[in-house]
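The following pair of complexes shares a single chain, subunit A, combined with subunit B in the former and subunit C in the latter.
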Partner chain A sequence: MHTVLSSANRTVTIGHDQPFCVIGERINPTGRKLFQEQLRRGDLSRVEIDVAEQVAGGAMVLDVNMGTPLADEAALMVSAVKLVQSLTDLPLCLDSSIIEVLDAGLAAYRGKALVNSVTAEDERLAAILPLVKRHGAAVIGLPNDEREIPDDPRRRVELAGKIIDVATGRYGIPIEDIVIDPLAMPIGADTTVGIKTLETIALLREKFGVNMTFGASNVSFGMPDRHTLGAAFLPMAIAAGLTSAIMDARSPQIVRSVKAADVLLDHDPWGSAWIAAHRAQQAQAQQAGT
Partner chain B sequence: MHTVLSSANRTVTIGHDQPFCVIGERINPTGRKLFQEQLRRGDLSRVEIDVAEQVAGGAMVLDVNMGTPLADEAALMVSAVKLVQSLTDLPLCLDSSIIEVLDAGLAAYRGKALVNSVTAEDERLAAILPLVKRHGAAVIGLPNDEREIPDDPRRRVELAGKIIDVATGRYGIPIEDIVIDPLAMPIGADTTVGIKTLETIALLREKFGVNMTFGASNVSFGMPDRHTLGAAFLPMAIAAGLTSAIMDARSPQIVRSVKAADVLLDHDPWGSAWIAAHRAQQAQAQQAGT
Partner chain C sequence: MTPQELLKQLYDDTLVGNGPAVLELTHTGLAMNLGPEALLYEALIPALEEVGARFERGDFFVPEMLIAGKAMAGALEVLRPLLAETGAESIGTVVMGTVKGDVHDIGKNLVNIMFEGAGFQVIDLGVQVAPEKFVDAVREHSPDIIGFSAFLTTTMPMFKANINALAKAGLRDQVIVMVGGAPVTQEYADVVGADGYAADASAAVVRAKELLQRRRRAALPA
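Let's turn to the complex of A and B:
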């Protein structure tokens, strides 16, 4: 199953037979005080740096979140979408919990975006899916509802099924435009959550064959040596069926681990991308040395 | 299922509910010309360095291979076993293709060793399993026979079944003392071999529930950035059911990746070993800085 995203000039395909899709998480003011202050003043210069660093790091899609208290998030989203699309032709993932922000962002976006996200709550489904349909976008579905973020992988799969049923049945959104988030929780709070995420991925793959994405940085939250945890969890999740992640594209350790997973799972024929990246790195190092 | 190895004073348990067992691969003259020359002269001083480096790196068992052309391998194995057991109380894995070397090594060994290895060939089974039984050792079984190293995971499982049947049925070796090697081949020669190894691991776990080990360095042979490939493949294999590997215990990147896998698969309760290792590292770095 292929989820095809696009900008004005570029297409990215997410699928179980494709190289893993690295979605850069960085254009997000959560926990970044200075960035929030800049955004409140309408200063988007930080976004330019975040774009450049993530493109250099190997991002294939960029998540854009403008969630800033006391700011006009819809206006910021429109400005950010226009700015980022002027800087790169990578497709974007528009990330907000506010319907109007998603709507404004989708209207400003050129191409087919990924919407982050809808839950299995009736109200959210009814508000967000018509937007997704109208703009011809794809959407990330989170398997939680009004009552719970389920612990049990089978319950997550049920809620994912609800999202898929409503999106395809009621709104005519093709199943390949639905990307399910199996939910990755912080391992530091509960060391059983990693296994549950992996089980959810395997079940979702078996039952629906859909594409999946999760916030890879969540897993290591609050733990030391986060990059090593991320670099170990991603290959496990990819082997189980994860096809993309919203992740730190600036971390060579984490990005290289998913590129290694591509080689090891035969998504990098003859390892040619792996070898080419190594040669480019060597050439760069040599140039830096002269 | 628990495979319990021991030295005179220490026990190591391999199992699906245990931290991953790191078997240090380094005491092996293959491809080490200087080491081979030293061994031919009866000089085992290099072994002392290899032991120290691997213990420092986090090895839990040490593989000992004395395969040196034009040398008395049995005598070297006896000397190496005695030397290594005087230097560390880690259990050992005695590694040779020659029956007499294994016999001599097992006779000299104090504790319960792991024998590396037996294949599914009738002649090898008949020669090695009586030794394993007599010395009360555990044994690594390689699922290849006279005709082939099978490509097909199901055929590997059949040959593993043959080894298990003969060892348990004819020689009374308990199944928990049989550690199956799912066979990890170089990805550089054929990018489909990684998937086949992972499939074999999953099938072996489902069918027999046995412990498993493989030579982790094989996978990345001939490829650039080998440690990153190893650090990505091990977590995948561990999630599928691998419980130990003969690996480069001197590489912090690879060892940390299996420790991360322990945390992520709930084999490191509360992440306490992970956090303790991080603190020890910090303390060491601080000391180095002062």
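Let's turn to the complex of A and C:
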């Protein structure tokens, strides 16, 4: 199953037979005080740096979140979409919990975007899926409902099934355009949650064969040496069936771990991309040395 | 073991979150006639304060904070009825909940554990808590502090709705309102009229104690 995202002149395909899709998480002001202040003044210069760093790090899609309290998030989203699309031809993942922000962002976007995200709550499904359909976008589905974020992998799969049923049945969104988030929770708060995520991924793959993505940085929240944990967990999740992640594309350690998984799981035939990356790095080191 | 040695050991075991040892030392301490207040104020609370300080410095991590908080909570279950008998002033009562429309609870649960670890009594209303439920809980429990948690920019506005509901019920001045959650900032807390905000569970406890002390001092007759 292929989820195809695009910008004006580039497409990216997410699939179980494709190289893992690295979605850069960095264009997000949550927890970044300075960035928030800049955004409230309408200053988007930080976005340019975040784009450049993530493109250099190997991002294939960029997540754009403008969630700044006490600011006009819809206007910021429109400005950010236009700015980022002028800087890079990577497809974008438009990230907000506010419907109007998603609508405005999708209207400004050129290409086929990924919407982050819809939950299995009836109200959210009814508000967001029509937008996804109207703009011909793809959407990330989070398997939580009005009551809870389920712990049990089988319940997560049920709620994912509900999202898929409503999106395909009621709104005519193709299943290829639904990317399910199996939910990666912080292991620092409970070390049993990693296994539950892996189980959910395997069940989702078996039952629906859909593409999947999760917020990889969540996993290591509150723990030391977060990059090593991320670099270990991602290949496990990829082996179970994860096909993309919203992750720190600036961390060579984490990005290399998924590139290595690509080789080891035969998503990088003959290791060509792996070898090419190695040569590029050698050439860079040589250049730096001379 | 001398009483001093016991208090030291209880402090050390709480710091590293050794729950069974903390429980056993608490019982041993009581059997040695160390009062519940001595155990609480000379070992358990200082240990949790040290945990918080280490967490703030980046020397301790979330799991260590959690197990220390849980070890402390185990001891408090034994001590709380005894403290009530001695008529000791309670450190404080906190009503906590994730706001309506929001089902995220990991952050809130961490904060609860740290509050319990600091000796507060915590009444957790869970997730998806409507304003009227918070109002009812303030009426029923007369807490010193009420905490609202929100994880989404779309649910943060419920802070204001909750505060308005408290005001309408005539309860706003009876309780300290604290807010928190991933997208929440100090500026946002100020704008909605909350009394306090903190960026993490450990800082929340420190802030709560400050706010409570200020209020209690203000309430003293001149």
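Rule of thumb we're sticking to: the second predicted complex is superposed on the first by the 290 of 290 C-alpha atoms of A that agree within 3 Å, B and C clash if a C-alpha of one lies under 4 Å from a C-alpha of the other, contacts with A are read in each partner's own complex, and residues count from 1 in each chain.
In this text, contacts are C-beta pairs under 8 Å (C-beta built on N, C-alpha and C of every residue); 3 or more make two chains touch, one makes a residue touch a chain.
None of the values given here were measured: they were computed from a predicted structure.
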Could you classify subunit B and subunit C on subunit A, in the superposed arrangement, as clash or fit? fit
Quick one: is A:30 in contact with subunit B, with subunit C, with both, or with neither? Answer first, second, both or neither. second
Looking at the overlay, what does A:224 touch: subunit B (first), subunit C (second), both, or neither? both
Regarding the shared-chain residue A:11, is it in contact with subunit B (first), subunit C (second), both, or neither? neither
Partner chain(s) touched by A:195 [first = subunit B, second = subunit C, both, neither]: first
Which one hits more subunit A residues, subunit B or subunit C? B
Give one of first, second, both or neither to describe whether A:233 is in contact with subunit B, with subunit C, with both, or with none. first
Could you tell me if A:284 is touching subunit B, subunit C, both of them or neither one (first, second, both, neither)? neither
Does subunit B (first) or subunit C (second) touch A:70, or do both, or does neither? second
Between subunit B (first) and subunit C (second), which, if any, makes contact with A:256: first, second, both or neither? first
Could you say whether A:86 touches subunit B, subunit C, both of them, or neither, answering first, second, both or neither? neither
In whole Å, what is the nearest CA distance you get between subunit B and subunit C after the fit? 6
Under the contact rule defined above, give the subunit A residues that sit at the interface with subunit B and also at the interface with subunit C. 188, 191, 223-224
Of all residues in subunit B, which touch subunit A in the complex? 187-188, 191-192, 194-195, 198, 219, 223-225, 228-229, 231-233, 235-236, 238-240, 256-257, 260-261, 263-266, 268-271, 274-275, 278-279
Residue positions on subunit A within touch of subunit C in the complex are 30-31, 33, 36, 67, 69-70, 73, 96-98, 144-149, 185-186, 188-189, 191, 221-224
Within the complex, which stretch of subunit C touches subunit A? 61-63, 66, 103-106, 109-110, 127-128, 152-156, 182-185, 187-188, 191
